[in-house]
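Encoded as structure tokens, the structure appears first; notes follow it.
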Amino acid sequence: MGNKIYRYSLAGLSTLGICMALYVCLSSALLVALIVIALAIVILSVGERKNVIDKVYRLIGDNKALNLGIIALFILLLPFLVQGNNYLLHIAIMAGIFSIVALGLNFQIGGIGQINFAPAAFYGMGAYTSAFLSVKMGLSPWLGTLCGLLMAIVLGVVVGFPALKARGYYLSLVTIALQIIFTLMIVNSPWIGGPNGIPGIPSYQIGGFSFRTPVALGGIQLPYQVNFLYLVYILLALFALAANRLYNSRVGLAWNAIEQDPIVAACQGINLTNTQLLAFCLGAAYAGIAGAIYGHYTSFIGVENFDFSQSLIFICMVILGGTDNVPGVVLGAVLLTMIDEKLRDFSGYRLLMYGIVLIIILIIRPKGLLPKRIRVYQQKDRSEYSSHSAVVTGGSR
Amino acid sequence: MELIISQILNAVMLACTYTLVGIGFSLFFGAMDIVVFCLGDVAIAGAFAIMALSTVMGVYASLSGILPAPISGIIVVFIGACFTAGLVTLMYRAVIVPFEGKNINASLLSTIAAGIVIRELIGLFYPEGRNPHAFPQLLPAGLIGDNVLLSWRNIIIIAITFIMVMLLYWFVNRTKTGLSIQAISQNKEAAIMVGINWHRIIVITFLIGGFLLGIGGFLTASYFNSLRFDMGAMYGLKGFCVAVVGGLGSIYGAIVGGLLIAFVEVFVTAFIPGGTAYSSVAAFLIVVLFILFKPEGILGEKTVEKV
Amino acid sequence: MFKGKPIGKIAAGLGALIFLLGILAGCGGGTKSQEAPKQEGGSQKKVVKIAFIGPLTGPNATEGVGPRNTFELAVNQANKSGKLPFEIKFLAYDDASNPGTAASVAQKIVAEPDVVAASGHWNTACAEATIPIFKAAGIPMVIWGAIGPSLTKEENFPYITRVCPTSVQENIPLAAFVMDQLGRKKWALISSTSVYGKANTEAWQAEVKKRSGAEIVSLDEITDGSTDFRPILSKIKKLNVDGLYYGGNIMEAALIRSQMNELGMKDILMAGISGIVSPKFIEVAGQAAEGVVVTQPGKEPKKMPGGKEFIEEYQKAGYKEPYGAYGAYAYDAANIIITALKEAGTDRKALADKIGKIAYTGLLGTTSFDKTGQTTNSLSTIYVIQDGKFVDWDESKYKTGERKLPGAK
Amino acid sequence: MMGVLRTERVSIDFGGLRAVDNLDFQIGDEIVGLIGPNGSGKTTFLNIISGIYKPTRGRVYFNGEDITSLPPHMIRAKGIARTFQTNRLCLNLSILDNMLLGLYCQQQTTWWQAIFMSSSSSREIKLGIEKSLAILAHFNPALITRAYEPVMTIPLIDRRRIEIARAVVGDPRLVLLDEPTAGLNSEETNQMINDIAKIRRRSSQISIIIIEHDMTVISRITERVVCLNAGQKIAEGTFSEVARNELVRTAYLGG
């Protein structure tokens, strides 16, 4: 009994530790954030070598409700922790939005093992559709977001179709080409603002309450970002849950099989066309919603938000965080968003340092912070069977 | 008629600027089965090195004091190209070796990141690095006769491209090292089995490829008379397109691919009303179509997937 | 099942982690708390912050770095003068020509406690993205370089003001000069697909439409960063135009001019606007730059009162980069903010009202704002490139007839 | 006896090369060995049956139904499972995941259900796990304790077992085994022969086509043998009949 309470509190402590680490990264200077990340990498690497990480995973997995509760509480309290600092809240919101896109992109990179270089096009499709409909047609932003989602899925089919025929570098090039074509087409289309972008995008409203009004909570005046923070993180929680369920279902397994060997996958009865298109369409749906929210949040979108370099950032998030690992992808997105923002203080050196940090992390952990893991279906099974190497080692293909 | 001829000439010149970087992609892909995404940036770094030698560092000026101008020009370009070769090899050690055989995604990303680093280093540390620069005129600029279409510089650019391709062809097909490169690109395991020193050959491939890239960057900068630190991104991307359209792994393919892409761009610009804005769209569409319907490219070998 | 030993290790590890985080959090907090007493007790003067935003990296870095320097120069001069009741701290931020980045940066500025005013942007899209943020925060922003006509609006006044003319205002004198005074009627247009390029092209089209007999025979759109314009130019060559107008940035403009030269089109007049007024244009275009006609709002700094001192000070400050086409605007924008600060104090609302009502005389002449926040200052100069320099038309050898502009009959 | 699978004059050309030439073949409730020298078109023939290659001419019937033009996944759904010559398990996935892939065609969960009705999805997975473990136990009980380990840590003989287990776990009507003993030593080959025999013991409703170079394997487990050479059928019958056939001897010695 004592042991149980001990483990319970230990699980809570480790989640709390992660939340605190993220909070420290968010609120302090770049150097401190980098030290925290370096520490985390050291702890992860040592833990993996000594097989402790596995136990931590199990510890956290065993007490899901507690840990989710802690994380939820953390997000809920974040505005108070940062004392209503709207910039830090803005970073947190962007981290949430980017996490959603990265989760969607992960279906392609982690799931079917195809690097899609056009996630920013999906993201932009959602943003532009929703913004266009709500600004020019006066549609409600909620409906606009839905349409953004649908249009992003249409684009997902367009980009996903080549993936059925091309693989590896060829697919990379196709998606790069489509991404560039997407940005060029936006620039050349004056009816959606062309290079001017779309200004004055309305915000979401519930009843008469606009999301862009500051709120007073518990006697404290909080900036309007709080509304979006909660909206984004509720969505992120739902999307992460869905991604996790997909990962643990027959669909996620089929994606992995296609990644490993498409012919073998087909011979197991997996419909390559539908299953791969699904990965692209679901990913596009995630990105589309995220894009639409972004537009309604910032009230302005321009083509520069959705270009090739933005796509690269999304890809980095997935690969640095850990492909096909839902917490990993979210962690990658959150950390990279923060690092990117911290680097703003070094304006001229920002990109340089971004590149260097990227290379270093890639060399230290080529499989990402939280690497892909063996699926565990039931905790009970797990403790019955020994598992020496739950972390997938060695190369693919 | 004159318009068509001048546009054809424009396209040929543009193709020349694409070809060498396309060959770089093909060479490295053939040898290692990897796509090094930062080749465009490397080539532009080479051009910057040549520019530094001839302006800031004054090597060209001091050389031409003792030697005739063309020879000192050649020396400067040669040093610059060697620098590029060194840069590529360094990059191979730093961002490709750590991921060898491990993770295709990680190496893809690391080369992209390396491109960013190269670009930013130039921007930060070259004097006025973020501004456009006029590229020093190492090639004679005069016109041939009264014909405004043909200048000496253009002829020389075409000639250098041609010579480089021929030299590469000779090297790959007539020397032992070159044949080893071919052997590795066809079957790595077998090549190692018959005693080819894989690592040595790879380094040599990178040196040669880097040299070509340096020349390619030089020709491009000379053709446009100008240089900017971030030119490499698009340049590299076009080079990759060229290599794929021509057939990834094929040297001649890069020439054919370069011509095709250049002709599409130039002719969409010149002969389709309102086409200017869409010339890049057209070029990339061509690439997409090729990958979908003829992924082996124009001159590449069709590989049948083994079951 | 769990065994005792490893779980103890985990606990120890986690404990260490949380402890470390606690220390780090303390450090993070510590830096903040160190700042606070300095402001209150460290020196007698209160510190206020003014933020500058511009493209310091990315494709338009050239346009942003010079203005950043002049802005800093103005702030330093004000601090040194000793006349201020407070100390101004200068913050420079990079929008990288990306509206998303710009919005982020604006959030960051707005969140800084002592920021009283900001001056921002060369890119219209970036300004579009940050205007709502500054307006919502009640921080006055003076736009120093973005020229999209739609930026200044009555509803944003007095928080958003602009010291530079819009693309429409900028093109009027140039059109009057080349079309009316020089009589060039048949135009080829090359337009950059950037906001800046489009805005200028539209303004030019409007000017052409106003004049009977004037016509545009070709319009080509190019993306920033392209390098090969020969196909377009070869096409234009056939059309026998009187002039070629390019509304865009330095690099592309210089390449267009030098490639025109190569294709034997040197005798076609090229006209452009302030975006290409930079020594870099002449450096890259080389010989071919001779005879290009451009306009720039305001007068040359050296001809304005205080201009000579400005140039001297700029050189003395040891900046590597030239102050560029928009350096004078950023300088005046900074001084407008500082002057208003002196008079209205550090309250943001009062400051914004003061800026709205200001009549400031500086490098640009006298700047004051109309009810949308747009400057009413309409001085402008026509320059022609002569012997590798931008020379005021009125002082050039071209005006005297000593030399002839390209294509002059 | 009605044929389970029947091919009618199947041919396939690769460029100028005819890899399979006018092959008539049929199989009932039995184990058929497919033998022939290297390059005689055995594997190509299996690829045609499983839908990876489309024959240039001829038809393939399965349970009387024409499956010639169906894609591989539909052929699998009809009940033809296979293994590969070079062991092709998903190395990064666990043994259990590989087994679940074998059950893919029997499961129904769509992505929609996976997200919104996760209990039905996990119930299905749970059933799948039970079934997989049962089959694994049938082949090698030791594998059960390692079910959550990635396949790449497993020795070759067990990998082959897993691959065969993956093929039969989905209750196929016909299993195509492509050189199941390649790379195994004689001890392991014996074990493999027993394993294959176990499949038949489990259910006589499984027909097997087995490609094999090791004639002891063929002689011990097949009921009938077909010999191919240069894409053509040159002999058919029991092993001893085929082994005596003059054409077969020349093919092996001369080819």
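A, B, C and D label the chains in the order they appear, each numbered from 1.
The definition used in the following text is that a contact is a pair of C-beta atoms (placed from the backbone, for glycine too) under 8 Å apart; a residue touches a chain by one contact, two chains touch by 3 or more.
Computed from a prediction, not measured in an experiment: that's the story for all the values here.
Averaging the CA atoms per chain, pick out the one whose centre lands closest to the mean of every protein CA shown.
A
Taking contacts as defined above, which has more of them, A-D or B-C?
The greater number of contacts lies at A-D.
If you average the CA atoms of subunit B and of subunit D, how many Å lie between those two points?
A distance of 48 Å separates the two centres.
On a C-alpha centroid basis, what's the spacing between subunit A and subunit D, in Å?
41
If you average the CA atoms of subunit B and of subunit C, how many Å lie between those two points?
35
In whole angstrom, what separates the CA-based centres of subunit C and subunit D?
70
Out of subunit B, which residues touch more than one other chain, so two or more?
277, 280, 307 - these are the residues of subunit B that touch more than one other chain.
Would you give the residues of subunit A that are in contact with at least 2 other chains, written as numbers and ranges?
Answer for subunit A, listing residues that touch two or more other chains: 184, 187-188, 263, 348, 351, 396.
Enumerate the residues of subunit D that touch no fewer than two other chains.
52, 84
Quick check on the complex: what are the subunit C residues that touch subunit B?
Result: residues 57-59, 61-62, 65, 193, 220-223, 225-228, 230-232, 234-235, 237-238, 250-251, 254-255, 258, 262-264, 280, 283-286, 320-321 of subunit C touch subunit B.
Over in the complex, which subunit C residues touch subunit A? Could you list them?
Those residues of subunit C that touch subunit A are 1-2, 6-7, 9-11, 13-15, 17-18, 20-22, 24-25, 27-28, 31, 56-57, 92-94, 96-100, 103-105, 107-108, 110-112, 124-125, 128-129, 132, 136, 148, 150, 193-195, 197-198, 221, 223.
Using the touch rule from the top, collect the residues of subunit A that touch subunit B in their complex.
109, 115, 162, 165-166, 168-174, 176-178, 180-181, 184-185, 187-188, 263, 312, 315-316, 319, 323, 348-349, 351-352, 354-356, 358-359, 362-363, 366-367, 395-397
Could you list, by residue number, the parts of subunit A that touch subunit C in their complex?
Its residues touching subunit C are 3, 6-7, 10, 13-14, 16-17, 20-21, 23-24, 27-29, 32, 35-36, 39, 43, 47, 50, 52, 55-56, 59, 85-88, 90-91, 94, 184, 187-188, 194-197, 199, 212, 224, 298-302, 304-305, 310, 341, 344, 347-348, 350-351, 383.
Of all residues in subunit B, which touch subunit A in the complex?
Of all residues in subunit B, those touching subunit A are 29, 35, 94-95, 98-99, 101-106, 108-110, 112-117, 119-121, 124, 237, 240-241, 244, 248, 277-278, 280-281, 284-285, 287-288, 291-292, 295, 305, 307.
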